[in-house]
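The two complexes that follow have chain A in common; it is paired with chain B in the first and with chain C in the second.
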Partner chain A sequence: MSSVNFANFLQLLADGIFNGTAYALIGVGFSLILSVSGRFHIAYAMTYTLAAYVAAWMGTAYHVPFWPALLLGALAAALLGALMERLVYLPLSLRALSRGADPLLVMFVASLGLTVIVRNGIALAALQQSSVNIQGFNNQGINWGPITVTTLNLTTFFTTWGLIFALWAVLNLTNLGRMIRAVRANWEMSLCIGIDPSLIFVMVFVIGSFFSGVAGVFQATFASATPDLGLPPFFYALVVAFLAGLTSGPIRIALVAVALGVVEAMSTLLLPTQFTPLVVFAILFFYVALRPVNFKDLRRRFSPKPQVAAG
Partner chain B sequence: MEHLQLTLSYVNQVLIFAVFALSLNLLQGYAGQVSVAPAAFGAVGGYTLGYLFLNDPSSLNTPLGALLLVIIGSVGAAIVGALVAFPALRLTTEWLILLTLAVQTIIVSLVQTVSKLGGTYGLQNISGLKIFGRELDQPADMFPFFLAMTLIVFAVCWRMGESPYGRVLRGIREDEIACRSLGKNVFLFKTIAFGMTAGMAGLAGTMQVINNTVASPPLFDFSQSSTIVSMVVVGGAGNLLGSFVGVAVLVLMQPLFEHVLNFGADAAALWRLIAFGVVLIVVLMVRPAGLLPDKVTRRLGKTLAKMKDRPAEGSDFVPHPDLQEMHAIEEHLSTEDKVRVMPRALAIKETSGNGPATSAVNIGDVVLKVVGLSKRFGGIVAAENLDMELRRGTITALVGPNGAGKTTVFNLLTGAIRPDAGEVYLGGEDIVGLTPDRIAKRGMARSFQAVRIFPRLSVLENVALGVQHQPGESFAQLFGNVPRTMKVEKEVRERSREWLTFVGMADFADQPAGGLAFGQQKLVALARVLATEAEVLLLDEPASGIDHQWVDVMLGLIEQIGQQGRTVCIVEHNLHVVERLADHTYFMELGRITAQGSFVELTTDKRLAEAYFGTA
Partner chain C sequence: MNTRNGGRVGNGLTRKEMLAGLGAAAAVAGVPRPSDAASLQELAKMLGVDSKHLGKGLTFDVGCSYPVTGPAAIFGSHVTDAPNMAFQQITQMGGPKFNIILKDNKSGDPQAGVQSVRELGFAHVPMMLTSEVADLAAELTGIKQYKIFSLDGSGGTSDFGQARKYFWGTIAITPDDAVGGVVKFIQHMWPNAKRVASCGWDLGGLSDMVLDRIQHFFDGTGFVQAASERSKMGATDYSANIQKIKQSNPDVVLAIVYAEDVGYFMKQYATSGINKPVITFTHTLAAQQIAGPAYEGLYFSFDYFDATRPPNPWAKFFVDEYAKNINAKVPPDYYTANSYEDAFTLWQLIMRTLKRGGNPKNADDLQAALISNPVFPSLYGGSASEVGTIVFDPETHSVKHRPMMVAQFKGGKVNQLAHFDVGGADFKMLQ
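Then we have the complex of A and B:
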């Protein structure tokens, strides 16, 4: 538990904002995929992990500098995302539709399968190394009065918000954005105005997976790449996406992510540090548990009511 | 000997995961409740056993030995499961995934965080456990105990799944609203299902800890849960034997890669998971219902395949021979004769004690009285100050333009929506505030415009779900009084068949309801609501969307129901239907009843004729 003073508070606030920013990118990417294509894409965690490994291998094996390695990692993630959609989700969803099965559940289970395949495929490829590091980023601490930040914090922050504003602009100002929003609203109707939803699905997988890839490379730069790198942050992305509302715009989702990061960081004022993940999931639990409760109805149910026989 | 121990260690793994998979299959395959937290409930059981044993090894000094700890662990998990059921009760699939994911993460983070539970390393050295004086050290020692536990869990799951109880669970899976409308307490069924299956997962967790001599977070983390979910899907959701197949496929891949293909233990462990992921996706593509699908799904697949070659309903569709014959018979029968071909139960109200107001059966008595019923949705008035009466042995129609609030009235009467104000008296008792299932049990049942049939249940099972007071639907009686539940189940099936004969669908009894034409589904839905033997029947557009030949059959049936002293209320757009059936008609506009009387009185009303009926 941390002692409470103003400097400490400011440091936690800064930590919270930076942590939250890290959740923002994957929160936005995941909700874009889920809300447009309807795929409950748990394997999203794996595009995150793959990008980290590709960037790390580029650095160690070919001495590729940091930024090109990050770009290659994120592109590999985008490619993997697009392949998952094209080779697995799309054919499965068409089958599920024709057989009356619950497509959401089918996609979810398929996604579990993809997660298992990619996670263990990466582990197999990296069997001799327990973890790999990203090369070429010179991370330094900067003191801003009472608080300390790192160059990695700032790079992550500006890259993330740059990408989120870019996505906002694409969604709101371009023809592609209009098509994505149309498919999100009603993919069947979008067919009638000449949009091919399957192409849009691939597009959102490319964009969302690219985002996760960037986030994954930054995370692996901070720590290092392991086969299980992606799953914990993915769970945060899930919380962010559902708390913000799946069809919300990217900026709103990112702000919710930052708020969650701040709450998580502040919780260390009250609880031992190791309990912070619990705080996030407790928020999710209560949010989900209480969401469908109609309090007005509940009050009526417990209010006394005279039982008088008719006429 | 070593070879035997190695073989048995794999067999034990199969048994442990079989218990996990069976419990999840009951919850997911039968009750349709998705959970990604089976391993977390296993953690509750396993850690409870480990903690109690390490803190007080003397707890083993009873003859039961470790079995006592196994029981305590399982009960603990069952309690946690039942608690999770409360928030889970009203959630759709995606929210249920999210909620159980939160539960999975919270439980594993908790055991990982609490230092008394060993943190990241977990509880170590849980060895030297005894059951009935026998040590559980080697795989061969554990095997008989694990086998016994697996068989017990299989028997419990089988009893719960393949019985009237399981029929309700599968009904809930298919359509919760329809289940409640038939008097099933969905809340209770789901809570018991969550609790029981969590308890069984807790048992599997204790087995896992005994087998590994440690209780550690990786044994119960998300990847374990997702593996269990995958095993159920590969094996076939809704088929308990399939779960064994799913488990065996995954577990036995380890020796295949390690000993047969000689990959080395580490690589083999990864390869088997990759291979299983591939198997999972291939199974989803090729056999979406799993390697061993449940029997109704299997039949439904065949029926749907056949339907592709069948002409669409409405073109040159010919009713089933049964119906043609029945129609022909009906035309030559007097009313008294017709009564004789009807099921005994249709006239049952005169003899049975079920339902309200059965003591004095007088045609024309007010059975349902509605006073000042109102409901607003924000600024929209769905119902305003409605007063209505339904009389025994009569058919009342509720007519009006689209959006007038007719179906809302049904929803208000049956408790699906709570009114803002007003009273509804059924047999003299105010039923406002009661849940739909309790209202159905009190003698008012409804049908739905969109039929809400249970597609992956057989036609007979659809109707059997309507039958009330089945001991097999009570958890206590299911296990406490097996002979009685079996005897009554036989009667339930007989009675359901009678209702199907009444609507002319007996020949389809064993077919999956989802494979029927829409008109046939409507007849099955009618049989289902009749099977509730409710005094008051609310029928929502019984004749809409069906071929004209079926309309005639349907109307004939409804007339007979009314003649037998049942109280019927229909919502209907088709004025010919209203003209033929209704003794009394209410006209609704914008949530208000603006006119009432006989059909002729309403259609001759000048304003209504001009605005709605058209001048004839």
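Then we have the complex of A and C:
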């Protein structure tokens, strides 16, 4: 067990806040996709990874500076997310509904398949290098009294919270936001007031995937881009989404993510470092045990009655 | 082939021109080009090849169990370039032919390792070049069961692969064989240093064995293990480990992680606010590229192959041939050098087995030949005029004598600071 003093405590608190901020971005994006479209989008891990590779490739091959490379990476992620929804999830979902099948399981399997395809596609494309660095970001340590933070920590923090507040504003202050909330609440009813849910599904995939892309580029800047970069963060996104509640607003989800990061960091005072991810999943386990996720409700909200679809 | 008409072939091409063309095409395709006959004659002389038992006319299947994919896959599909070049040179020198059967151990995936050895065993493959301490011990049972004589040039025997039948380590054990030298180096460089923190791969009980060995070398020196952090093999995030190391207030940090992991560790260590020296037990270009400027100042200690300063004529020949024949953008590192050297060790064993009247496709005979004379030519050590030697320990199956060093990556290049033998013997500072 590590010695606990005030300096250690502050450092762990800072680490937890910064780690939690990274979880916040992916948690908000994943939650938005799941809560609005009902797609259990495991391939979210791959939009995260693709963005990192695109940004790294832009930097190494074309010397694109960091911020434009990040933007291009995130846009590539948004495009991939939209294509997944439009070309895979939506047709499969409609086919499942037309046959009276439950699309939830179909989406799950399709998403798993997409994850395998994109992950191996990236690995094949990058065969000569198992990892690629993001260029153009000068990460420096900054000593603030007893704690050390990095310029990457601060950049990630402000960018993440900027995006989360922007999403909050879009959801609460714009027509698009109102349409997204309407579809989330009851997509069948939203049809009655002229909203096309399939278009809204694509929109949430674009926004959520963009968020994952930004997070992926930051993570690859911290480490480097690898084909498996997005898999561990996906599980964090899942935990955050369920802990915060699928229909919660982005700020609440982000705060839950930060709290999760702090708990995880503080757990190193009690546990060996390699076991700290267990803490996160233990929290999810107890949460699910005490307050089970209502999959029946999910199914009801996102899968219309077969006769409605058939009709 | 038409050999008349002044050696012209087909539409006016000389044989030399055709070979050059084929060689260029082969290099582009990643296949080694044939080496120059005169150089190979010189090499045969250097290696003291037994011309009566070359093994000419024989053909051997050789398994190669390497990390083609996964976190330790530094070379990917190019992992067999060096042994391929070695086997081609051996055949050109009048030795046997070798067919490489590449198996992917998926960077320490035990199931992949077990499956690889099983497939090689079913195919009656008599010998194997393997890696990562035979895929973290997963291959060792199969090696014994299927009688596959195996050389591990990337991990050696480590603590857990010693004295295992048909399995031999051709690289010094890290960190064990290097720690003795590292302790002396720390005492020389930083006389007041006492607290040593480490971060190593979490290999369960195997990690405990490594820490015990480190403690063995610390005993009586006043050194204490201030922290011993563990990380997942192939981890990219060391922030929590580094934070704990920071809390332990170390004087020196040992990074006992390998391959690309060192790059990630250093990248994050550089911004951690800790300004204590880091010593690791590997050095690869991949790790250097990941860490970028954070790699500057890193110390490392092991039997490093310095391609910029080949220590003996064979090493120089190898570096030159590699640059000429393999379509590689970077000079060979120690993984490459060891796999090349291991291929020649296999040939030496075949020749010795034939001389003893044994069957070179029988692992027992190969092993008996090794035990009867455990000294082999080496790319390491030696002098400008003499090839180095590698000496095996018949008890442990690890190397008994191996030139090792402490070096620092500084100013974009490797600076050798100290030399020693296994366990820290004959330690000598160079500067």
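Quick note on the criterion: the second predicted complex is superposed on the first by the 290 of 311 C-alpha atoms of A that agree within 3 Å, B and C clash if a C-alpha of one lies under 4 Å from a C-alpha of the other, contacts with A are read in each partner's own complex, and residues count from 1 in each chain.
What we mean here is this: a residue touches a chain if its C-beta (ideal position, glycine included) is under 8 Å from a C-beta of that chain, and two chains touch if they have at least 3 such contacts.
Nothing here was measured: the structure is a model prediction, and the numbers come from that model.
**Q** Looking at the overlay, does A:A123 come into contact with chain B only (first), chain C only (second), both, or neither?
**A** A:A123: touches chain B and chain C.
**Q** Once chain A of both complexes is superposed, is A:N133 in touch with chain B (first), chain C (second), both, or neither?
**A** second
**Q** Is chain A touched at more residues by chain B or by chain C?
**A** Of chain B and chain C, more residues of chain A lie in contact with B.
**Q** According to the stated criteria, A:Y62 is in contact with first (chain B), second (chain C), both, or neither; which is it?
**A** Once the two structures are laid over each other on A, A:Y62 reaches no partner at all.
**Q** Quick check on the superposed pair: does A:Q274 touch chain B, chain C, both, or neither? Answer first, second, both or neither.
**A** both
**Q** First (chain B), second (chain C), both or neither: which does A:F242 touch?
**A** Only chain B; A:F242 stays clear of chain C.
**Q** Per the contact definition in the header, classify A:F165: touching chain B only (first), chain C only (second), both, or neither.
**A** A:F165 sits against neither chain B nor chain C.
**Q** Do chain B and chain C touch any of the same residues on chain A, and if so, which?
**A** 123, 127, 272, 274
**Q** Considering only the defined contacts, which chain C positions touch chain A in the complex?
**A** 69-71, 73-74, 76-77, 202, 229-232, 236-237, 239-241, 243-244, 246-247, 260, 263-264, 267-268, 270-273, 286, 289-290, 292
**Q** Would you mind writing out the residues of chain B in touch with chain A in their complex?
**A** 34, 86-87, 90-91, 93-95, 97-99, 101-103, 105-106, 109-110, 112-113, 222-223, 226-227, 229-230, 233, 266-267, 270-271, 273-274, 276-278, 280-281, 284-285, 288, 301, 304, 366, 369, 371, 418, 423, 425, 428-430, 432-433, 455, 514
**Q** Could you please specify the touching residues of chain A with respect to chain C in the complex?
**A** 2-3, 8, 11-12, 15, 19, 123, 127-131, 133, 139-141, 143, 148, 150, 152, 222-224, 226, 229, 265, 268, 272-274, 276
**Q** Write out the stretch or stretches of chain A touching chain B in their complex.
**A** 40, 42, 88, 91-92, 95-96, 99-102, 104-106, 108-110, 112-117, 119-121, 123-124, 127, 231, 235, 238, 242, 272, 274-275, 277-278, 281-282, 284-285, 288-293, 297, 300-301, 305, 307-311
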